[in-house]
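All chains are identified by letter, namely A, B, C and D, in their written order; residue positions are counted from 1 within each chain.
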Amino acid sequence: MRLAMIGLGRMGGNMARRLRRGGIEVVGYNRSREVVDALAAEEGLIAADSPEDAVSRLAAPRLVWLMLPAGAVTESHLERLYPLLAAGDVIIDGGNANYHDSQRRGARLAEQGIHFVDAGTSGGVWGLDNGYCLMVGGEAAAIELLTPALQVLAPAPDRGWAHVGPVGAGHFTKMVHNGIEYGMMQALAEGLALLKGKTEFDLDLAQIGELWRHGSVVRSWLLDLTAEALQQDQDLADIAPVVADSGEGRWTAVEAIDQGVALPVISLALAMRFASQDETGYANRLLAMMRNAFGGHAVEKS
Amino acid sequence: MRLAMIGLGRMGGNMARRLRRGGIEVVGYNRSREVVDALAAEEGLIAADSPEDAVSRLAAPRLVWLMLPAGAVTESHLERLYPLLAAGDVIIDGGNANYHDSQRRGARLAEQGIHFVDAGTSGGVWGLDNGYCLMVGGEAAAIELLTPALQVLAPAPDRGWAHVGPVGAGHFTKMVHNGIEYGMMQALAEGLALLKGKTEFDLDLAQIGELWRHGSVVRSWLLDLTAEALQQDQDLADIAPVVADSGEGRWTAVEAIDQGVALPVISLALAMRFASQDETGYANRLLAMMRNAFGGHAVEKS
Amino acid sequence: MRLAMIGLGRMGGNMARRLRRGGIEVVGYNRSREVVDALAAEEGLIAADSPEDAVSRLAAPRLVWLMLPAGAVTESHLERLYPLLAAGDVIIDGGNANYHDSQRRGARLAEQGIHFVDAGTSGGVWGLDNGYCLMVGGEAAAIELLTPALQVLAPAPDRGWAHVGPVGAGHFTKMVHNGIEYGMMQALAEGLALLKGKTEFDLDLAQIGELWRHGSVVRSWLLDLTAEALQQDQDLADIAPVVADSGEGRWTAVEAIDQGVALPVISLALAMRFASQDETGYANRLLAMMRNAFGGHAVEKS
Amino acid sequence: MRLAMIGLGRMGGNMARRLRRGGIEVVGYNRSREVVDALAAEEGLIAADSPEDAVSRLAAPRLVWLMLPAGAVTESHLERLYPLLAAGDVIIDGGNANYHDSQRRGARLAEQGIHFVDAGTSGGVWGLDNGYCLMVGGEAAAIELLTPALQVLAPAPDRGWAHVGPVGAGHFTKMVHNGIEYGMMQALAEGLALLKGKTEFDLDLAQIGELWRHGSVVRSWLLDLTAEALQQDQDLADIAPVVADSGEGRWTAVEAIDQGVALPVISLALAMRFASQDETGYANRLLAMMRNAFGGHAVEKS
């Protein structure tokens, strides 16, 4: 089996590696050529100079897997690929696209008989060794063509990947996964901060993190990683208290509003990230001002 | 009618003034003597050197009103007053005591036949001119003795004060009032911050604050004060984004937990104040660390 | 001055009345003719059979004010009006449109030289007597033409209406106003529920609501209305515990996500409304199931 | 090694079993005798008729482990045990006590030279097979005496148990663990409800739950259990949407308020449980009433 991987960054590069190690032929293209050459040398990747070159090295039905930043970059590559493909070919978007975009793209390609598969992919930098969790949307026929690759990418051939629904359902499921992740992370961080705040007990967070990994109700992969990081450093003085957010957390919160479904904790976890990013503190300045205005409470001068 | 006012700070001093202007005789005591002398000179307050002196200038049934910081200061003054009073006398606590404390104090005094009245008082620095909102708990007989003073302190004799229930009910009602205040303030601040963030419209927050005061659904005293403050300054660059909290917001949130009643927005408004006070940012550092651990996302160095 | 009012429902009908009583000539159209006839008889409204008829009764520059449900109804009426208008005319949308729609409509009309004004309108059923709060976006020239009408609709000629910014800014400001309203309402409801839950004090919520209206920090129009309603009935046994939401609360929460601004309390107030509407209770069933799965905790059978 | 286990319910009974299977001699007492007899027959437990009898079957230093409901039941058993014990003996409370109670009890026993150990215990009904996570507070000397039992109870001798700090630190750590659990559960339930709400994709939640167990960021023990339960039933029509809460979630939220630490998501997860338990819907009735009062919006009749 052979497929083309377009985008060999942190995710795409490791996925190409894992595919190669699983015996899949991979044609690889990346904006910066060094990555391609390295993978060609190390893993036997078939190097391509351009998306066009990558496609030309495939036989019908051609399988083209994109691992690119969602939004404009993915869109422009898709525009470039459309004229190169024909009925029966399959484009897989493994990036973090908004599922509405995937539905739109799938409908457009369907007019030409090209299959679109949205493969929400989780696993981060650990996926190379542990395998990726793949939430796949699209037509059964297309996914059948991909199955050998999915079996290699997943933690095991029979688990960690699934065909969850029609086009869009893969990215939708991945989006919700990330929303849950926001809430779980926030809960874990809050609890650890409460432990840290209890100075009278002088708790060792690295010890407790490790302890909870075994037999507790909160044992989880996020805890595994957290416990390991706390072993190195539990003061975190070098890390700024600013939490970035990605599209998927935002989309989850918007989806809840669109559905009219209450997602209080996930939405709040997102808002707390926004608060962490806020350099102006304007709402808090307003509140301090109001307290002063009605109660004569002193305000701290900044 | 004559009463003693113990504590002539921002609240007690203005209340003594308002009582005097309403024709009530006020014996006043304050830790720092200058305040007493000034009120004696300006308003005809009867100066007292000590709580004991203040009580000695009253005739039975003696009415002693405390306007002191809740907690240890109020407790120590009460301990000092107990032996000076007799059955039929009335102690009024107009401070922001926890209602459990008021219940405990009331029960203790009741054993000696002394009345305890908890008079939750709202109005801040504006109460002198506008009158105070008084939420009064205690026995009807005691409150009847106080009525002339309550009628003067309130915005009008027949409104802005009420006997809401037994001892403790006054401070309880004031506590919940403050909890609502936290939520309203936070909602207002969030909305104004969203207006501010919409830079493409270059909105004038002072104009909008003033506008909303007339005919809108959100018109309120908090908005009145906010609009006025925004007229002076809408950048608030001199005000630190740190929002203090008082006992009553915390007690409201704890009461909800004790009752098992959901107070999501009020509790969250309190948590946002805590977040504004947090100099460590530990929870956010943890979150940034976790993102790095699983996704290889770069962390901002602090 | 003469304008046409398209849509004479709860809002539009009362606005037409207020305009008439302020001496403005109003041509009125409504889907159901009875409303038009009644207003013609009572207030001297100039009846129109159709939007076309309404426009034909105006002289250039024609002022056409829409008070219609946002979304499809407003859109279809706008489509019908476009060909009837010419450069220099003004369409005012006083409904609760999404500001993005207003920006789109304004841009389209601007190509033909037609002015678009978005007039966010607050005041509900009380606006007829109290006046409306009008947050107006658009070009100064267009708003100048409207000024006599705005002065009549507002609580007073010089307050309660303002030109807040370009097209879209009016509906944007109204949207945020409603977001604040959600948070304030939720805070008030939570606090009152906590009073109600304190059965040992047997509090009279009607009394406390009325009390807080005078001198307290939480005094507000929402409290005025709540206190009045509680006078009639404080058990509310006849009212279902289901809180509807309108577009503007949702849009406010989505705007916050788009801006990346934290709106924790307003967003949560919206989520609590969604929770009140949820007939499935699915998230809660899942939680009960999980507790059973890990702890053997009994689940309540439904 | 021999210890007494007082309380052989769901937790204590299984812990006695696991201790026996690990070669520890266990003297067991339970209010209802059948449980004692069954464990004696099945596992070789040494049956005791009363706490006094249990203590009498131990040699100094005596180790008495309580697995009882926190609060009054634990308190009354402790009162009964105090006079039976002597300096050097160890009482272990493995229940879910409030850490303030444990500190108080520890201080009292310390006066008599009796050791108090608070052993927060997680693992639920799965602990028998998987081992328990034990968060232990107290003096090192006492914990050393217990170590063989802790090694058997934990998932492995060298992990899943730890001496985390002085008396109180064990129950404190367990309390925070449960707070995190509340947040994680809520996040997971919200996400699954959002999947369920997306009817257009007709997602199979059992499939997705199982899928996420492998390679995803949200993989966790809570997900393992949830996925397994969803295999049996994903409609959950038989489970009432009512989520009980235990002391520890409440205490975590109160601790945050005492510390002045923001715990927004954990506190909100608790509030959502309260909301699920609320049969009155009073806050929501108030909100529906307010909407009617200001906007004339129809209320649903209940």
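The rule is short, and it goes like this: a contact is a pair of C-beta atoms (placed from the backbone, for glycine too) under 8 Å apart; a residue touches a chain by one contact, two chains touch by 3 or more.
Source: prediction; values computed, not measured.
More inter-chain C-beta contacts link the pair A-B than the other of B-D and A-B.
Farthest chain from chain B, judged by C-alpha centroids: A.
Between the CA-based centres of chain B and chain C the separation comes to 34 Å, rounded to the whole angstrom. Chain B and chain D have centres, each the mean of its CA atoms, that are 39 Å apart. Look at where the CA atoms of chain A average out and do the same for chain B: the two points lie 48 Å apart.
In chain C, the positions touching at least two other chains are 124, 186, 188, 190, 193, 197, 217, 221-222, 256, 261-264, 268, 272, 275, 283, 294.
Residues of chain B that touch chain A in their complex: 10, 124-126, 185-186, 188-190, 192-193, 196-197, 221-222, 225-226, 228-229, 236-244, 264, 268, 272-273, 275-276, 280-297, 299-302.
Across the complex, chain B is touched by residues 122-124, 127, 130-135, 137, 154-156, 159-162, 164-166, 168-169, 172-173, 176-184, 186-188, 190-191, 193-195, 197-198, 201-204, 207-208, 210-223, 252, 255-256, 259, 261-266, 268-269, 272 of chain C.
Partner chain D is touched in their complex by these residues of chain B: 217, 245, 250, 253-254, 256-257, 260-264, 267-268, 270-272, 274-275, 277-278, 283, 294.
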